[in-house]
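Okay, so subunit A shows up in both of these, paired with subunit B first and subunit C after.
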Partner chain A sequence: MRVRLKIWRQKSPNTRGQFVSYPVDNVNPDMSMLECLDVLNEQLTENGEEPVAFEHDCREGICGSCGFMINGIAHGPLPATTVCQLTMRHFKDGEELLLEPWRARAFPLIKDLIVDRRAFDRIIASGGYISVSTGSAPDGNTLPVPKEAADRAMDAAACIGCGACVAACPNASSSLFTGAKIAHLGTLPQGKPEKDRRAIRMVTQMNLEGFGGCTNIGECTGVCPKEIPLEVIAAMNRDYLRGNWHARDNVVTTIRPFTEWSYGSKLQIDEQSQS
Partner chain B sequence: MATTVIGARETRPARFWAATNGKKVVMAITGAILFLFVIGHMLGNLQVFEGPDKLNAYGRFLRIVPEILWTVRIVLLASVILHIWAAVQLAARKIQARPVGYAKHENVVSDYASRTMYWSGPILLAFVIFHLLHLTAGVIHPGGEFVEGDVYHNVVAGFQVWYVSAWYIFSMILLGFHIRHGAWSMFQSVGINHPRYTPILKKAAAVLAVVIVLGYISIPISVLLGLVK
Partner chain C sequence: MELNARIPSGPIQDKWDKARFEMKLVNPANKRKHSIIVVGSGLAGGSAAASLGELGYNVKCFCFQDSPRRAHSIAAQGGINAAKNYQNDGDSVYRLFYDTVKGGDFRAREANVYRLAQVSVNIIDQCVAQGVPFAREYGGALANRSFGGAQVSRTFYARGQTGQQLLLGAYQALERQVQAGTVQMFPRTEMLDLIVIDGHARGIVTRNLVTGDIDTHLADAVILGSGGYGNVFYLSTNAKGSNATAVWRAHKRGALFANPCFTQIHPTCIPVSGDYQSKLTLMSESLRNDGRIWVPKKKGDKRPPDQIPEDERDYYLERKYPSFGNLVPRDVASRNAKHVCDEGRGVGQTGLGVYLDFSDAIRRLGRKTIEDRYGNLFEMYERITDEDPYKVPMRIYPAIHYTMGGLWVDYYLMSTIPGLFVIGEANFSDHGANRLGASALMQGLSDGYFIVPYTVGDYLATNKLEKVNESHPEARNAVACVQQTVQKLLSIKGKRTVDSFHRQLGKIVWDYCGMSRTAEGLETAIAQIRELRDEFWENVNVPGSADDLNQSLEKAARVADFFELAELMCIDARERNESAGGHFREEYQTPDGEAQRDDENYAYVAAWEYRGYGNYPTLQKEPLEFEYVHPSQRSYK
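Right, the complex of A and B next:
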């Protein structure tokens, strides 16, 4: 089958980007979207052109590296599927596909379809963990976990941090991501002791990163490749309210970016390769 | 990555308000107050169908104790101001959060009402200002003289002007959309969501929105049809 890929090409964060249209003629319907881009990139390399930059790693839908907009929908039209798992047979022969990177201030563009999602890392670093004392592992089953809590925590833990929720949100809010982490850890008995502090820190970090605010539209859940429910955002709101009520001081620890990279000002990828 | 301590000097309410989540909690609570007012106001208004005496008596009843009247008015005004203030700041954040827009963006699961809250809200504000000038203050009275205390006459005279009724009906339909989203969304904002009860809340919000719209627009429609005169 044949497709025409209209892809956002942008050399570096500070240059202007535009859509460039590429015909891909020898597409196997069983290829994934990323393999289709691989075929295109081989063509481009043979022609001496710059290949399209896109992020990928496991290609089995569990790492959260890949992801871009296909015809205006994050991860493409198939629900609960990342672009690496989206096979080309879901598109019509001769169809034109519009490939666009995630668009958000907190996700500055690096190149073509790649954006800097380290804002997510900082949200995790601010509180998305459980503090444990080191030493030998505790005996199994010493801490009873209700089956229902384990299931709910597992559902929330399915979040791979791909950023599709931010990309699809009309507010560019990262509430589904942050909520998934807070619900995942807060549901389990191991995470309960740090519940209040975690919610305050992660919410504060999320708000510092320049994401928009959640207005309960729910577009995020429709594109989430792991089908994280809107319930996790309520869990975040609940823990945040509770944490503010319980807190005895006003001190919040957040994570500062180590470099100015995440704001794009010192990012020099192309400048170096050109010289 | 380095850690940094913020907010040591900030008061807790200031920090709570600074977070988008805190603003949404404020919007939920003020929205709930306004939602209760909308229901109460509709039930009061429907007394127009029981004739001039009943409605005018209701109008006098509301004004028996000025302290109560003004307490309610101040609470409502504070709710409106906080609700709008939070909405404006969230809207500003929304604009800043995506400086480069999409060439194409499709909505997959969200409903129309939730995406248009930023439109239905400001139009409703314009309506409320007009409505207060029209039927409370009596500054604008397109259908004839404004008679202080004769609520029934003011309502009927106003709604006999077709564009007043049309504006009213249009605004009430937008109010319905606003409630369709807001009436369940306020629970989500304060952290209440349950796979069993939230679908019921959403359906209840839709039903209440329809009931409220029908309740309100029945008045101008009845006046236009000559059922109430």
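Right, the complex of A and C next:
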């Protein structure tokens, strides 16, 4: 089959980008969207042009590296599928596909279809963990975890951090991503002691990164390759509200970032009022 | 160079305790004065960086992806072993140790394997405390399954995403240390050389994959957790970016490379469908519990499977191995699949595939049960092949999956370069000639959480290291080498793409150094690899420039190293005149076609020393002694 790929080309953050249209003639319906780009890139290289930069690694829908918009839909038309698992048989012969990068203030563009998603790492660094150092764990069966809680935690923990939710949201909100981590850890008994503090920190960090607020539109869960349910956002809001209520005597500043990439700025918040 | 594995004396169960007691400690107040480089953020690198940060060291961690959470460990599906004996089915540290030594076909070091089994129980505790959502029973206790033909249920799992969940646990611990200021994280940064000063590893040279900047990072110790080299074969189940550059550059700087020919082929992958194919997808081994493997009896029988009557089908594993049947170990299942395809009885368009048929299981257990057990795998298969495995038998074929070989390390996980530690799949240490299912995750986390944090401390406490800076000649020399390679690759401007070379290299290695090997074939492969490598350096076309994001350049540098490593794999395979585990030499088989080990002459680790390109590497042997588990012939009849 044949397709025409209209791709966003932009050499660097400071140069102007534009759509460039490329025909790809020898498409096999069994190949993935990324393999189709591979074929195009081989052609471009042979013709002395620069190949299209796009992010990928595992190519089995688990690492979260890949992702771009196809005809306006994050990860393309097939539900619960990343672009690396999307096969070309889902498109029509001769179809034109418009490929463009995630667009969000918090995801600055690097090149072509690649954006910078480090804001997600900073959200995790601000509190997306259980504070337990190596060696200090009790026996794994000391704390029974109801099967239901483990299953629900796993549903939320399945997030691959791809950023499609942000790209699909008209507000460019990362609530589904942040909520998924808060719900994963907060559902498990091990995660309960830090529940308040985790929610306050992560939500604050998320706001400071320049993501928009959630207005319950639900586009995020619609494009999410792991079908993370909207209820994780409810869990996030609940924990955040309760956390703020518990910490109401503390003058928490919600305008300063908790963490800056890599340079390990210490949290400035008053630690003891959190406990 | 004399290889000293530094195995502690005394009974095997006391060795690790003894070693830990004898280690020198770094004064807690001095820890932050020591800087440590960790290359890799997978299960091994991520857990090591986090643990060292917690101890108070000054850590720099590197990965080439945009986030440490994307390391290839994320893709592991099946599970992780631990000798917890929660199922009360007779498991113990000793049994896990025994199974692993035997599974490795008696080519692993006993002391290391025993320690791995000991530490396995701590890993589960640690991961549970971090919030890894392992599967649970209704009563709230941890669930287990039996995996990879083990007789006990010792595998812990989180749905089909165990690697993902374990990695996210390590990643979160790592980000906690980034927040605390003990770890500095450098994503999108690739190590391109090792800096060795006065015989000690003192730093690395990196390329910033966004800006192209070449930088020097100095430290008191360097830890490599950069993963395996399965992508030598081009098509493999590894992530596309997985590469051998970090270990290969270290090898060229003096670290010995052990058992490069020990590679693992996994029997249940989705077959190749066309030339454009970029990678292979693994289907969980658990499918062999209920699926029956067969091919037509007649050569070139192109009828659809439902039109081939029962008596014209050959259930070859059940026929040849009546007691293990479809559950024979990975190497045996893979080899037999190749065998029937070589005979011309393979199925599918390419003829490189065998059926994995669930129709009997569905008839016996009902579709619902099969759906519960394998629903997500069936869905994945259908997504890729557009065939419904409930109706049409799956087609599977073996694919390269894991590499047991790697940089040689002693008991302390230190390579032959003092101060250079190697962990996870990047080292050679625990799996011998064949790795059992669910034991790579265990080894990566054991190395990273519980072993290297101690042994690095011991190294720092016992070595007095001079202060060095970036203008040291060795550091400058390493930077110059990197710059030269980058410039060279960009300046060739030949006619062929990097991928076309890589694909061709992969095919040579797969054909001659894959599932079965011969001395003659390996000679052919070496000659072909050399020829292709020469062509690469004259005719590769790397577009773009050195000072921005350039994925072709990244690939080219990795493929350049794969060429040299591929040659070493073939040299090692030719040198080892026996069959063991994943290394099957056709000349050395039992009368009924099984692998024939030669314990008298080959019970050693082959560690290779680099002698400059084109020169034959020097072989060092570390003899293996089996005091506890006595070598026997594996039999699955």
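Throughout what follows, the second predicted complex is superposed on the first by the 243 of 275 C-alpha atoms of A that agree within 3 Å, B and C clash if a C-alpha of one lies under 4 Å from a C-alpha of the other, contacts with A are read in each partner's own complex, and residues count from 1 in each chain.
In this section, a residue touches a chain if its C-beta (ideal position, glycine included) is under 8 Å from a C-beta of that chain, and two chains touch if they have at least 3 such contacts.
Everything numeric here is computed off the predicted structure, so don't read it as measured data.
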Determine, under the contact definition given at the top, whether A:L5 touches first (subunit B), second (subunit C), both, or neither.
neither
On the A-aligned overlay, A:A125 touches which partner chain: subunit B = first, subunit C = second, or both, or neither?
both
First (subunit B), second (subunit C), both or neither touched by A:C58:
second
If you stack the two complexes on chain A, which partner ends up touching A:R89: first (subunit B), second (subunit C), both, or neither?
second
Counting only touches as set out at the top, which of subunit B and subunit C does A:M202 meet: first, second, both, neither?
neither
Touch test for A:L230: subunit B only (first), subunit C only (second), both, or neither?
first
Partner, of subunit C and subunit B, that touches more residues belonging to subunit A:
C
Both subunit B and subunit C touch subunit A at residues 121, 125, 258
Can you name the residues of subunit C that touch subunit A in the complex?
47, 50-51, 54, 65-70, 72, 74-75, 84, 86, 122, 124-131, 133-142, 158-159, 161, 164-165, 168, 171-173, 175-176, 178-187, 210, 239-241, 273-274, 276-279, 281, 383-386, 449-450, 453, 495, 497, 499-500, 541, 543-544, 548-549, 551-552
Contacts from subunit A onto subunit B in the complex sit at residues 8, 19, 69, 71-73, 79, 98, 100, 103-106, 109, 121-122, 125, 168, 170-173, 175, 203-204, 207-208, 210-219, 221-223, 229-231, 233-242, 244, 247, 249-258
Subunit C-touching residues of subunit A, taken from the complex the two chains share
11-12, 28-32, 34-35, 38-39, 42, 44-46, 48-51, 53, 55-60, 62-65, 81, 85, 87, 89, 110-111, 114, 116-118, 120-121, 124-126, 128-141, 143-147, 150-151, 153-154, 157-158, 160-161, 184-185, 188, 190-191, 258-259, 261-267
Report the residues of subunit B in contact with subunit A in the complex, numbered from low to high.
1-12, 15-16, 18-25, 90, 93-94, 96-110, 114-115, 117, 181, 185, 187-195, 198
